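Before anything else, here is the set of structures, which you'll find just below.
Both of the next two complexes hold chain A, though its partner changes from chain B to chain C.
Right after this comes the complex of A and B.
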């Protein structure tokens, strides 16, 4: 076998890698020039993005191109290749609907689990929880099962066509079949004593899935027969008719058997007279079939047979029924029946009902059908899983079928009580969704499986297999934009690595659009990830800031309470304010300044913009050399800004530089001695600060400091003289 | 919280779409018997977006019949339907910054013609909100870069003009007409701006953003204005907040739901309120009294999966509670008992209140 696992002893799960021959697909990129570079990356979901780049060659070649479109020479192309899984039974959109639908049952079961484990820590008898717990899992299983499709019956027309023996229902999926198998064996313990009958029902629903290349199935036989029945006159002459009847009988589809028997020619009014004995035999068998004792609590809708809930009742009825069959077998009426195929067919049916092994063997196609027929007629009484497993092996042998599809592999794994095989089959055939969700069924009442799946393993990095499979599923979910919203629910149920992976997932999400951003922040809120939340807001803030949405940037940084970045961008905002503020643009600023509010906590260093706006506003209103209210207001604002401790030091010089025309006001000085002193002290502080290594220079003319100093000194002199 | 979700007075139909539903609207009925729903869809696998008009089957509401569909060049960010049945008109804005106006056939709701504006000078990036004027052919569009545009829709051509550009200092998330000359926009910090075309140069009035300051602040996602109460802006946004801003008392908004201003009542929702609309189905004695200060009943949908009706001073009534987000909804203006909403999980829900 190519590519064997190097050391199978290390493998957790017995695993035979199915290495198939590589399949070659051709991508049409439509480029004529030789390809020089190829880059392959993952795109959305399971899309591969293949970038094909051409060689950058000279133009002469393309000029000589005869096709005439040399102007449109393409340098490369990006091709998206969509990879769909080989399991094409269910399309992606339906898979997503299943993923969405399973969130609630899963989350509900987890919260119940947490509750039960909390209760079990209290000193109380725990046996009652066990039963309760199976009920919870059963509820979960039913919820999930209903997502996988409900057999929709076609609208009944009121009048039933007697020739329609097989109702065409929605094509069943093997995913649903697999889920039901696991439900039957692992969860539905209360109905365990009726297990054979449950399997009969299961086969009735999913027999069509067993159709392989090696065998025909009862279902496919009946579909063929159904097609022929419409045109058939004397049905009983056709060997296929009798084959169909005995096949249906072998797997216990009693209502189909009876329906087919009633199509027998001897029931026709014109024939009833001369085929009386024959008709009597057909009817006798039909009655016997419809009275077959079954060990089950209730019948399915429209099914035949008689139910017995307990074993003693059933055994008694079974013996009686068998007696009737033997009696009919020895009856004298057979001599009077001169229609040979009928006689043969009916006798064969009796043999099936008596459990004749070779009769069962020839009536069934797939080994699973043979298995079911054995359960029905050879060993109708309970047997353990081990007995069933041996029986299954025997059936496979007698049908010479050794290659099993995924469904049968799963079935054998269940019968063999091998949790690892069950998991491997689930994973191989049905994917991560199935494994992550079916673990709940596996561990429901099974201590051994629970230990296996919950044990923390060194070779898995200290996590359990249960967690591993959930993480794998969550990874699949997060690879798609739409399902990544539900991945956190699964990650949160992983105690060891879940939250770390959730944090990584959240970090990776795009911040461009507010809607997705807010949805991710909501996830942070639900799982108490405050630090991630604030990091995401910071990322969003910087993203918007860099794209020119200043208000948006400031908003998110405020939400994140990121004073460091707010202070940093304050500098840039200040430049922007200084350059752009004019009368008509004040309206623009209103909104942002309102957003900033005046609280230091949320605004960072930005709340001084409030005052700066007022200052700039009045500075602009100053005209010529006349002292007006605006001039006085400008001086007041300047003093307020300079005295305010929240005005960042780096803004001192620009502020003073802007106010040069106030400081060196022609005529009377506007600033008195005390005010000038305050400004001079600030200026001195600034001069000292410039000597510090981490001082950042502002973008002003180099002589700004000296011109401010000169102006202040002049003003001080004038002010002293004035006073 | 009161629940009206029992089967006696509510019919619920869930219809999977197998595509993400960005938004849903009712189309005004063309005849008394027809009901049409408009869906904005996004297929994340092929990255294709479209707008589809579906007819509702009266006997089997789960059976939607596709009437027509239109392929959008980019994902639909917002869309609006004019409420005049004579000339069904749809306006859609995209993340790519283009605006599209679709004219539907008045008989079978098939899409007849389209006018588009893909000018980069209109909006540079995603358009965050648009609103068509109820009767007139005028549309307002806003974006997060701070542009406010007015588009007039002619028979065969579109004209637009820039009303305002904040150059990124203020972002707008949604817009709603109040009258032929006035409209409101919403944005960050629970801010609302009131615009009057007759007063150029900026917003005529604005709700001071810091009213909500405390533990939390957030965005306004949706605004509604009742035709009989043009002075009241109803808004929904972050942290389960639903509030009304009365222009006559502009200092302090009226909070209908949310964890604000130290209120002790437990809010219905603590997550984003994606859409709000006045619920004309809920009978209210206040409707006949336009001078009453009481806010009319409001329907809202939220990220944590609630669809509910809120009345001022009363316990909210939960209409629907889903395990996933309800991203948008629309009340049928002609049959207010009908509500359509879109769920995060690629599904729409059609509700009929009985």
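Right after this comes the complex of A and C.
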């Protein structure tokens, strides 16, 4: 049955159900008294809020002081804990910069993907699609890569200090190093045949990151040497000088090797005469190093070596170069070299170039450096990933290094062609951003990875791993106010569950600030989330309505098309009928009717309210005892209201009571006989209705009915006389 | 890593955040309801903006009313009463928290209360210490004082058990998060009582056709039905083909999968996929994150634990939060 706890041997993902020990966080609440209770609540994204409540002291001793707020003791603390596993080497601001910067490449690639999948449904030859797609991914990868830090090689300046062998550039980050590794292996298929050289370049950029393990690295050795060079006179007497040169040579940093060689004392003008043979050997090796054949399409700016694009050309050049080395090794000039450290150092260099394993081993520190030196000098011709993996294992053994940091774990995962390990390393070491974005690299042109990552799994709630990682990343984005606005873009790329999560996210946004409210409604509109949009407007409407901004409340409820609440509001407006209200509140009341009135479909009672408003308005305009248009208007309105069947019976008396000054108009009567009769009949009906048990009495003075009756009777008499 | 947001007043007994996490309501043992607000959106500076005496007895639990019904809370007090308070501005006066409704005291004490939104209505489920459950319905969406008792039943499946009178120490209710029109409103409820048949968590669903509440699933294996339930939590479902409900009993925290479609008897299929142990004793509270992927729990061991399922569907403790002075 699906859903059962899977047997690890029979798992969907051939990946041991690795259950790591829980991460332990500590919350410092700073409370002195013992804790009695914890209360938790999820804030946005992956922020958890914990209320730590103290045990109560004996109540009797403190209850006397109820008002003393100032010296009130703290009874608890609320703390917010952010549970993200963002990469520690990058600060928050830079992380956000990366998050923002990666939105557009990601979105661009997704839209291309959608376009391609649309095309693939059409009957069209799609042979070039694969190549094109890799190009798109490559473009994406380059865009993302550029966000992770500056190019690792600084522009070479014209004037250089001859003693500066190692250029200090911005500290590289392992995040960038990891991204580049994945780019090299998964996307850059065009340059796959020059893979070893690409790895040499990679190491040149990131060797300093390998520090911190148990050995020194070539980079750290050269940094030390650089420091000493400034004060060193006869460099060639210092064993560190030769160590540095051979280490740099072992990992293929040819420019540094040549530069260091040229610092050799025999180049100095006063020495040249008596150290001619020695200098000749140094120079010969410098030339050999600078002519080293490399299988790569082009050289980096200012770098040495000779490049060959194709394997046959390279092999030919390689044989020739090796021949020259062997020849030099056997040369008679060595006898004439008196300076022992130079002779030793140069001979050692030759051994490295000839691929002597023990020479390489002692020249390198980290196993990765040994690995690269093997690629350069022992097995310079291409090998497959499996061969590389075996070589890496061998290098680890000979360096006795078995514990790997995140970068090396990732490297081994790539060489081992194990997508799960790669993902696990990315997730563990570099966090959700890396996983969500590097999946594009992993799946580019790799069917196995694509199946693994795109397969929908019951265990994951019916989504693919790709979608899961995007959801996780979007959740992390949503936990910070500055990044929560880009979460929708990632959620939109999650076809199955993204929209519902976006709805939840939008529902949890506060509505009281208009700007954020409008922004959220715009997101709803963009993604066609009508129901949540109406929920948000409902919440906003109620918020304003309850907080005294009635007009604003009605506006949002209308936007939400919330018939139920609008009807209730219309009914509330009836409460004003018959009340003597101030000008101010009449205006407010009138405004509300105006607002509600623009929607004709609401409450049938609205028709009454509109007429009542007209009546009330003309009543207010009546001044003194002169008969004006307003007076006539008021009488007409009264009659209309009283004749209209939609006027609720409970308002008859209030209406008539309101009209007392019309009915008992000084001078000639305003209402004729027929009109007065209509009103009298209504009044009669009302008197009968009062005898019914369910009649609800209106809030009017007790003599209201009798005074209306008296006024009407008087008016009738006067009207009869008039006619 | 942690950021301090608020210092709570002395004798604070319970706390609860509103839907958007910008207001905190706390209740204290002297019967005061305090509200903390942050003036700016996304600010982490909170100040106490209101203090109201809601009752003589201690406030045990504060529960926010869904925001579609304004800014309001329900306060459950130790003497077994509960009342609704809302923030309103009336007649041009400044904003004030005022009492909208005080529910009359009954012989039984209120243990838990939760609000659920059905298609167009607000419902409130209240669990009492005598094993009874009352469902109230709001009559007017603008007024939180007009409630109608819609149903009253006991948390048992067979009617015979209903004749017994249990004595319950605590109860836990959690509504399903489904809000679309095709889903009936449902909630899960479990008791910690002295009568086994009342304890096990049952999923109650409203049968619109017959206007009644029906138990559609029982989240306990045959041998565990009498286990005292400390807390239940229904996970948000962002598109899984099943629902997830966490149930904490004296045996640990069980994770249940609940089928979406009922069988011919109207029952939902249930599957216990994990039993998690970590909190040694009682579990106080369980909260799912917004995607329903991580469960946060607290218990009498004073530790917050976070639980997740890995790619193979194996549930495990992902993180532990220990508090120190």
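The definition used in the following text is that the second predicted complex is superposed on the first by the 482 of 723 C-alpha atoms of A that agree within 3 Å, B and C clash if a C-alpha of one lies under 4 Å from a C-alpha of the other, contacts with A are read in each partner's own complex, and residues count from 1 in each chain.
Just so it is clear, contacts are C-beta pairs under 8 Å (C-beta built on N, C-alpha and C of every residue); 3 or more make two chains touch, one makes a residue touch a chain.
Remember, it's a predicted structure, so these values are computed and weren't measured experimentally.
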| item | value |
| --- | --- |
| First (chain B), second (chain C), both or neither touched by A:189 | neither |
| Partner chain in contact with A:481 - chain B first, chain C second, else both or neither | both |
| Touching partner for A:559 - first (chain B), second (chain C), both, neither | first |
| Which of chain B and chain C A:79 touches, first, second, both or neither | second |
| Which superposed partner A:497 touches (first chain B, second chain C, both, neither) | second |
| Which superposed partner A:100 touches (first chain B, second chain C, both, neither) | first |
| First, second, both or neither for A:343, with chain B first and chain C second | neither |
| First (chain B), second (chain C), both or neither touched by A:518 | first |
| Partner chain in contact with A:591 - chain B first, chain C second, else both or neither | first |
| More chain A residues in contact [chain B versus chain C] | C |
| Residues of chain A contacting chain B in one complex and chain C in the other | 44-45, 82, 481, 513, 547-548 |
| Interfacial residue positions of chain A with respect to chain B in the complex | 44-45, 47, 82, 92-94, 96-97, 100, 103-104, 107, 480-482, 485, 513-515, 518-519, 522, 525, 544, 547-552, 555, 558-559, 584, 587-592, 594-595, 597-599, 602 |
| Contact footprint of chain A on chain C as seen in their complex | 1-17, 19-22, 24, 26, 28-30, 41-42, 44, 46, 67-71, 86-90, 92, 95, 120, 140-143, 180, 236-242, 257, 271, 273-274, 284-285, 287-291, 293-294, 296-298, 302, 304-306, 309-314, 316-325 |
| Touching residues on chain A, where the partner in the complex is chain C | 1, 3-6, 8, 11-13, 15, 17-19, 22-32, 35, 37-46, 48-54, 56, 59, 62-63, 66, 72-83, 457-463, 465, 468, 471-472, 475, 481, 496-497, 500-501, 504-505, 507-513, 516, 531, 535, 538-539, 542-543, 545-548, 564-565, 568-569, 572 |
| Sites on chain B touched by chain A in the complex | 16, 18-20, 44-45, 47, 95, 125-126, 128, 144-146, 164-171, 173, 187-189, 191, 193, 201-203, 206, 208-210, 213, 217, 219, 238, 270-272, 303-304, 323-325, 327, 344-346 |
